[in-house]
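One chain, subunit A, appears in both complexes that follow, with subunit B as partner in the first and subunit C in the second.
And then the complex of A and B:
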């Protein structure tokens, strides 16, 4: 305890030097904490944004194949899938049944291509609860030909609520078809992904796709949180597999581009009747998960590189400190301080620096994170997909942070160890004779 | 009772490629409770001999005995413990720890080692020492806020904190004006009388030498005179110094 007290006093001798050394340690840990915080929230935000865009976390699609080899995505009867979901115990907050097509909207010589999702506004609450309107509103969807589009699409087409426009599309079986929509509402720019989607009444979308009123293409289960998505996904896949033919989910997950792999399932095979495609958001975002892991690994590498540089500084500074205090070390050794106590005095100084620097680094990182998360980058930001409602968010894992602090403390101690040992090994007579 | 014995001690320092013999076969004994001056001009070997008695340096040849312990048989840890338990040091440049107050500097040796004094007893003892050296009003001050004489008083109190049998002082008045130097010596002499602590100090000042009971004069690394209370003391060791040293250590 006395050595700790003396170490604390020693650090106060050269406040500027202590501040610079502690500052370097704080800076290193701050950078690493920011990267970790960003990487922690990165996957969550992307997953949540994708879940909102895709209206679910766990999905099922029915795929039929004609004799000519053409694939049709269609769920004619979902009782099998709903039974499987019940068996898997999926705690769905929302169940979404989506019909959709990619179509060309045409208005007064202007065209825009987008994906139009059919939504049953009377029974499905997922989308109505989330939609924010810049102009118009849900009231316009009482018109069965109503459509909700984003601001960039509305600008491109130069339309206002109430305008009627044409749509060119292909039916579920690949026939050309034309329909008419009435603009019911315009949403603020939801970013590059959201701007490509429009929403219409499912009954009318089904009519345009030439499918039955109770039929649709994608069944989605929206979970209360991202936790347990993989477990429920596995259980649902197993339950569907026990009831019907399914595409191999594991093989698609392992592909480098899992989205393409899932959508191309069954391309080179034939089957009769319906075959189900089951996947989760995590299956599709495997690459994003990898990016997050790479970010986390990079943060550790950055920590080590930064501390490699800082360690040189710490070692040199402690060497200077040792020479500055050489007579003092001689005096303390003469008075009866053991070598180990001299070494511990230096190491205590290093430890106080490391912990003080680490604490400051964490505090500054916290302040920077708080500041950055207050900035509204807007929903139209190209960063939209990694943001949460236009704001940056950070998520720190206590274990990783504690590990980083431990690494910082260990590296600081290692840096100070050489000068500390040199100080401890000083011959007291030589130290006392030294003229500074 | 002999407390320190040096027998045919030599010390050679390497100086680049050349070896310098600082002490060339010195033998003498020191009685417990004496006020001893090791006198001689610069380069005569005073500090080297004090360092060897103080166990901060080892002789190249010969024997140094402190109490009943031959220093050449001891490892660094044991020598440090011996210094801590038996010896006190006063340096020419005071060598106080600048970040500690007067009180803390005096307390410092008591914070080292395995045997610790009870907090209340320790405080009373340091208060006594602070008063003894006349620094009661300065206990909270840092060394930089003190005059040279005051700093040396702190150093004396620090040297006495561990209640050592021997206090070594290397030219304790060299950095002080003559008036302050005299006061410091009087203080050391007073403590020597009151506490029966053996004081061994080096000096080249003839006035200071006069205050000593036992004067060992050196020149070029050799003892040229060894007088105790005016009489030749070179036979002190022959009169059973080694044996006496053992019993002195017990005391």
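And then the complex of A and C:
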């Protein structure tokens, strides 16, 4: 305890130096904490935003193979899938049945390419609850050929609600088709991903795709949260597999890009009837997850590099401290202080610096995160996909943070160890004779 | 005697009228159109120059060298111009069409239904015709296009895998050569008109139009003019229809 008190007193004797050393440690830990906080929220935010864009967390697609070897994504009868979902106990907040196509909208010489999702506005609540209009509104969707587009697309085409435009597309089997839409509503710019999507009545989308009115392409289950998504996905896959032919999800999940693996599975196979693909948002975002992992690994590398530099500084500073206090060490040793106590005194100073710097670093990181979280980047920001409602969010894992603090403390102790041992080994008589 | 002469005269007139009304075998005409564009055991090589006009844009030009082996339903298109696209190419192996980009050295999957670069021409326009295989004749009528008496055949796709569900094909009455093709969407809207100008190149005994005009009927003002040059039917090495041909053809 006496050593600890002495260490505190020694540190307070050179406030500027202590502040600079502690500041360097604080800065290093702050940077690493910010990266970790960002990486922690990155995947969650992307997952939640993608869940909204893809209208679900767990998905199923039916795939038919024609005699000529072409694959068609189509669910003609979903009773089997819904029964499987019931058996898997999926707590779906919304069930979405999506028909969609990539179309080229044409109006008075202007063109724009976008994905048009078919929505049953009479029964589906997922999308209508989320739509905000800049012009027009849902009333226009009473027109069977109504379409809702985003502001950037409306500007590109130079259209307003009520204008009628053409759309070029391919049917589910790849034939060319042309339809006509009436602009019902224009939504504010929803950002880089949302601006590429438009919404139309499913009945008309199905007609353009040349599929039956009750048919669609993707069944989605929107969960109350991301928790348990993979478990429900696995249970759903098992339940579908018990009822029908499925693509091998377990094999696909082992690949870097499970969705591409699913696609490739179909290329080399032939089958009759329908074969189902079951996947989750995590499968869709497998490569994004890798980015989060890379960010976390990078933060550890940054931590080590920063502290490599800081360690050199700490070692040099403690050598200077030892030189400055050489006669003091001689006096303390002469009046009975043991070598281990001298060494511990130096190490205690280093430990106080490390923990104080770490606490300060965490506090500053917390303040920076709070400040950044308050900035509204807007829903039209290109960063939209990594934001939550236009705001940056951070999520820190307690274990990772504790690990980082331990790494900082250990590295600081290692840096101080050499000067501390040297100070402990000083001969008291030599130390007392030393003239600075 | 007079009565017999009158009877014969009436019979001959009736036969003449019947002959005038008699319609040809349109299924055979379709087959002849297909056969005329099918080089069978011969290999087909030509240079295709395509100039595309779009409203508000400067015309863009692209030149392709086309290699076809119809016997095995294979083709290779190698882009020669413009310089920034030189070396890019399309290759059909089995049912797959691959697009090769020399900059990345990668192949990406394309389809026979996709347009060649930014033009109105599709990959399928450059392969052999398969009208008789893909379509049934729904209606026939006679007409006139320029100096030519024509048959107008309305064709309906046999399956939903054919690019256009309906085609109106205007064919010369004197020879089984198409003059105009109108392509319709599933919703029965005219999407594209192709005019085969009646200037022909004789390639191994087959007549191919030297100039073709493709008009986009949806994007008004967009059209492509295709000129066919340097046609030969000389045998090509098998390696032309392999992936590494595109890689080496820099």
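Heads up, the rule we're going with is that the second predicted complex is superposed on the first by the 424 of 436 C-alpha atoms of A that agree within 3 Å, B and C clash if a C-alpha of one lies under 4 Å from a C-alpha of the other, contacts with A are read in each partner's own complex, and residues count from 1 in each chain.
In this text, a residue touches a chain if its C-beta (ideal position, glycine included) is under 8 Å from a C-beta of that chain, and two chains touch if they have at least 3 such contacts.
All values derive from a computational prediction rather than experimental measurement.
Novice: Is A:432 contacted by the first partner subunit B, the second partner subunit C, both or neither?
Specialist: first
Novice: Go through the superposed model and pick first if A:185 touches only subunit B, second if only subunit C, both, or neither.
Specialist: neither
Novice: Quick one: is A:12 in contact with subunit B, with subunit C, with both, or with neither? Answer first, second, both or neither.
Specialist: first
Novice: Check whether A:220 is in contact with subunit B, with subunit C, with both or with neither, and answer first, second, both or neither.
Specialist: It touches nothing on subunit B or subunit C.
Novice: So, does A:334 touch the first partner subunit B, the second partner subunit C, both, or neither?
Specialist: Touch status of A:334: first partner only.
Novice: According to the stated criteria, A:174 is in contact with first (subunit B), second (subunit C), both, or neither; which is it?
Specialist: After superposing on A, A:174 lies in contact with subunit C but is clear of subunit B.
Novice: On the A-aligned overlay, A:233 touches which partner chain: subunit B = first, subunit C = second, or both, or neither?
Specialist: The answer is neither, since A:233 touches no partner chain.
Novice: Touching subunit B and also subunit C: which subunit A residues?
Specialist: Dual-contact residues (subunit A): none.
Novice: Could you please specify the touching residues of subunit A with respect to subunit B in the complex?
Specialist: Answer in residue numbers: 2, 6, 9-10, 12-13, 327-328, 330-339, 341, 427-429, 432.
Novice: Where on subunit B does subunit A make contact in their complex?
Specialist: 51, 54, 56-57, 76-77, 80-81, 83-85, 89, 91, 93, 95, 97-100, 108-109, 111-113, 158, 162
Novice: What does subunit C use to touch subunit A in their complex?
Specialist: Per the stated touch rule, the residues are 55-56, 95, 111, 113, 157, 159-165, 183, 185-187, 189, 191, 218-221.
Novice: Spell out the residues on subunit A that touch subunit C in their complex, using ranges where they run on.
Specialist: Spelled out, the residues of subunit A in touch with subunit C are 66, 68-70, 106, 109, 111, 166, 168, 170-171, 173-179, 208, 210.
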